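Same chain, two partners: chain A is paired with chain B first, then with chain C.
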Partner chain A sequence: MSAVYTLGIDVGSTASKCIILKDGSEIAAKSLIDVGAGTSGPKRAIDMVLSEAGMKREDMAFVLATGYGRNSLMGLADKQMSELSCHARGAAFLFPEVHTVIDIGGQDVKVLHIEKGAMTNFQMNDKCAAGTGRFLDVMARVLEVKVEELGDLGAKSQKKVGISSTCTVFAESEVISQLAMGTDKCDIIDGIHRSVAGRVAGLAHRIGVVPQVVMTGGVAQNAGVVNALRAELGCEIKTSPLTQYNGALGAALFAWQAATR
Partner chain B sequence: MAKQVSPGVLALRKVVDDVHTEAREAKKRGELVGWSSSKFPCELAAAFDLHVMYPENQAAGIAANRYGELLCQAAEDLGYDNDICGYARISLAYADGKRAARKFDPETGEYVIDPSTGKPLKDAEGKVVIDPETGKPKKDPKTQTPYIVLDDLNEINALPDGPEKERRLAAISPIRQMQIPQPDFVLCCNNICNCMTKWYENIARMHNIPLIMIDIPYNNTVEVEDSNVKYVRAQFDKAIKQLEELTGKKFDEKKFEQACANANRTARAWLKVCDYLQYKPAPYSGFDLFNHMADVVTARAKVEAAEAFELLAKDLEETVKKGETTTPFPEKYRVMFEGIPCWPKLPALFKPLKEHGVNVTAVVYAPAFGFVYNNIDEMARAYYKAPNSVCIEQGVDWREGICRDNKVDGVLVHYNRSCKPWSGYMAEMQRRFTNDLGVPCAGFDGDQADPRNFNAAQYETRVQGLVEAMEANQQAKEA
Partner chain C sequence: MSINALLDEFKIKAASPKKQLAEYKAQGKKVIGVLPYYAPEELVYAAGMVPMGIWGSNTKSISRAKEYCATFYCTIAQLALEMLLDGTMDGLDGIITPTICDTLRPMSQNFRVSMGEKMAVIFLAHPQNRFEDFGLQFCIDQYTHVKKELEKVAGKEMTDEAIQDAIKVYNKARAARRTFVKLANEHCDVITPVKRSAVLKAFYFMEKPEYIEKLNELNEELSKLPACDWKGTKVVTSGIICDNPKLLEIFEENSIAIAADDVAHESRSFRTDAPEDEKDPMMALAKQFANIDYDVLLYDQASSKNRRGEFVADMVKESGAQGLVLFMQQFCDPEEMEYPYLKKALEEKNIPHIKLGIDQQMRDFGQAQTAIQAFADVLEMSK
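Right after this comes the complex of A and B.
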């Protein structure tokens, strides 16, 4: 019997991610473009993943779209699902014992409760960018560092600096004030990480934190935020090198389920 | 196919229309017209045959007609903060004379049509007609409406009699909520919301009119103590004296008793209507209850309201017998909708619910207006228990009772930027619903009157997530 290939596409607010899955268990190809919904990102990510796999759209048994831009792909995808369920599914595939998923994306934060691999409840942030990936983007720009450098720089901190988590704009002016006072960048970055962690922990406590806890989304690549969140929640947090692809992975898994039903 | 309207619903619409018409005519005759908060004991005003209008219902209507942002901004221009309740902002702007009016050409007097309004034009076969120039659907000119602009009634009234004055008066939106007479007195009871006190004090000061106040403190126990009842009873007595001074009439006990009897009859019929949501499928949607609340609030002490609700209950009995429903889609999931709807965004609110077969079969706000009592002490006790004056234990108990009786699969919570007391305790309530009932809950940000606080894309994701969680729960139960 020939292999079944399925494609999961996660069009987020800041990035477009794709995964082609072979027989619902093996990643055949993946792609990531750093722009998301409403840009050329989704098309480029799809072209890239198909090219990497040496395949065409017609070779896909089922295509499932997720993320904020999911509705815009309905001509190409067979089905769309919310990124909430897709993140739950992706995390449960990577960590079968998972009960809590914390996903920090470009513009939202989700905390998902998982039972037997399926999402049974969730909490999301309100209309505020504080505590999201965008918050870190803004801070990195003010500090004149790359967002991917934040984790390593924060680890060098020697002194605790408090940064508020109420509002991105106000936090930005706080960071500027700290810089003007000559505070060490590494200390400010550590303060920013703890600020994000405090905000996300508040959301997580609303729904209840049940181990195993898994963190997904681009921000999970920042060890500073993950460590600060570990300290806030007082429990171990698992992450995966595939963290940014987690939504697309979940979408590809749901696509495989639909194709083989 | 157009939605069929039952005789009960038609009767309810007439009751509210009549209350408004009578108030407008009374004002023209020089009689007193008051404004009242929704849970002020209307029985007291009814004993004096007073005409009373309800700013909360008015604001909901204005918001649903998409004039909410205009009036909210007008209130902000007067200096009211945009963190204040949207109903309060709309009402305060209206009290200040601000009106939504149709834009007209000063030369010709003709209304200027807003090209973005109107429904798509359809041909004889019912197909949408496409404009060859733009490639977009053409608009049916019959359904297009003029631009809406802000006008000021005080400015208009100061004009000398003549065509400009006439045109500007005629241009004010004809919806009944924009034609409510200005108040001669205000009746405020803060059991429904603590922002109410300042809202009504401001109106009283603006118009230099009497404010009759019933203060209901927040109740941190489930029971209403006798001392609380005594405190409210004393305020009823004071309000009666103030109303006697205002009207120059003696308190008519017989009229008061009749008003109480009517209010109880209305409440019983209303609760019966609410209870029909327990059926599977529900014969209607919980959102319809919000529409009928106009009657419970504006006319609950009138016999016509009681009769109309009894008629609606009869209609629903028939609908249930036939296994029919007025919900325009098959009911796949049943949810409790927590909070007041986002009136300016009703289509956006309804769209993903319809798409996923989610029917609202429980709302706590509606039955909370159905209070039944046998004497004046019980009446005081009933007015003590409004949704925002009770403790969290009572609030959870009410809601979980409705969720169980009305068999919900999930809860959709509106974190209403206008209503801090209500939204503030919802995070804890959500946690309890999930723990006690085993149902998923989703919260979304919005506002009852100010459309600037609602984001359709965020809402859709949350509804879809809730549906997927309800599906996972159902599958787990079946397994």
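Right after this comes the complex of A and C.
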């Protein structure tokens, strides 16, 4: 019997990710483009993943879209699902013991409760950028560093600096004030990470934090935020090198389920 | 009329208050705007005038009202003022401004200052202690003040008989809406969330005898239909208001029906009838207010027992819903403060729920779409 290939596409607010899964268990190809919904990102990510796999759209038994821009792919995708369900599915695939998923994306923070591999409860952030990837983007711009450098720079901090966790706009003013006072950038970055962790922990506690805790989304690549969140929640937090692909992975898994039903 | 024709009519009425106001005025009628909550509309009807509910707007932005309002005032109150300031509700002969919450209380003075020379602005303070004799008397005193002010606008006194008649009409309107809500659950394939909302919203703008006649006709037609074999999921909705068709369409896209509601703009406003056997009609109206129960905004002597939370949780179970969607109006203090108790009651009965932060100025529902779609997945599992 020939292999069944399925494609999961996660069109986020700041990045587009794709995964081609072979027989619902093996990653055949993956792609990531650093722009998301409303840009050329989704198409480029799809072209890239198909090219990497040496396959065509027609070779996919089922294509499932997720993420903020999921509706824009109807026509190309066979079905769309919310990224919460897909993140739950992806995390449960990577970490079978997971009970709590914390996903920090470009403009959303989501905390999912998982039972037997399926989402049973969730919380999303309010309409506020505090605690999201966007918050870190804004701070990195003010600090004149690249967002991917924040983790390493924060690790060099020697002194605790408090940054408000209530509002991106006010927190930006605080960072500017700290810079004007000559505070070390690394200390400010560490304060920013703890600020994000405080905000996210508050959201997580609303539905309860049950180990094993897994963090997904682009911000999970920032060790500073992961460590701050670990300290805030007082428990181990698992991450995966596939963290940014987690939603696309979940979509590809649901696609495989639909294709083989 | 067919079900679809009736639904279309309710939809048009729900979406065009300005047009209807103009029609009432062209017919030589006097019209009174009624702000939330619990105003004795029966008195407006008894005075021979047309009451029109003013619960903000889903198509306007706050601009001129900012001159008067603090930023944390809820958008319902601010957009109600906006509609009065921008001419949408020009032609009103007066407004009644109840003051049951911390926003509406100061807001009543904003209405007075901004509209006082243009129309009658009738202040109404309900009693917090509404059950005791002194509470009932306070309520009667307040309603008597409203009555006198309405009489000035109408240019004639209203009789006890006219008020008794108005009570009967309003009880019929409440009963018709309660029946409709039950039928909407039984026939949720026909009465979608958007249509359900339009039928209930039309009450605020239509003349009551016409509304009752049309709704009874719709109820009769619905009751003839075979029971629906609903394959999707069902929820109970809660909150102050959820009448935005774009937001409700997301429920339809995800096959979520509304089994019942605990919404101030909907069922909370018609759960309780006024007694028809009370000799003094003003006492009957005061008792109607006193008898309202399980309401976020009203004092509950046994609030520590979380009666309201349990009432709503039971509503979910009894209506056959799998979960609850709470529309949290920004920034409604009473609803926000009550939420932990509602959450506790729901969790104790293992009822999944989501809280959606909404604002009548919202035009993009991307985040709500994600949350509702994910919630549909959760509900599907608990069926």
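Keep this in mind: the second predicted complex is superposed on the first by the 261 of 261 C-alpha atoms of A that agree within 3 Å, B and C clash if a C-alpha of one lies under 4 Å from a C-alpha of the other, contacts with A are read in each partner's own complex, and residues count from 1 in each chain.
The rule is simple: a contact is a pair of C-beta atoms (placed from the backbone, for glycine too) under 8 Å apart; a residue touches a chain by one contact, two chains touch by 3 or more.
Treat the numbers as computed from the prediction; the structure is a model and nothing was measured.
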Quick check on the superposition: with chain A as the shared anchor, is it clash or fit for chain B versus chain C?
clash
Does chain A have more residues touched by chain B or by chain C?
B
Going by the contact rule set out at the top, does A:D126 touch chain B (first), chain C (second), both, or neither?
both
Look at A:M81 in the shared chain and tell me whether it touches chain B only, chain C only, both, or neither; answer first, second, both or neither.
both
Identify the partner contact of A:Y68: answer first if only chain B is touched, second if only chain C is, both if each is, neither if none is.
both
Quick one: classify A:A118 as touching chain B (first), chain C (second), both or neither.
both
Chain A positions within both the chain B interface and the chain C interface are 68, 81-85, 108, 118-122, 124, 126-127
The chain B residues in contact with chain A across the complex are 415, 427, 430-431, 434, 440-443, 445, 453, 455, 457-458, 461-462, 464-465, 468-469, 472-473, 475-476
In the complex formed with chain C, which residues of chain A make contact?
68, 81-85, 108, 118-122, 124, 126-127
Give the list of chain C residues in touch with chain A in this complex.
352, 354, 357, 366-367, 369-371, 373-375, 377-378, 381
Interfacial residue positions of chain A with respect to chain B in the complex:
68, 81-85, 108, 115-116, 118-124, 126-127, 206-208
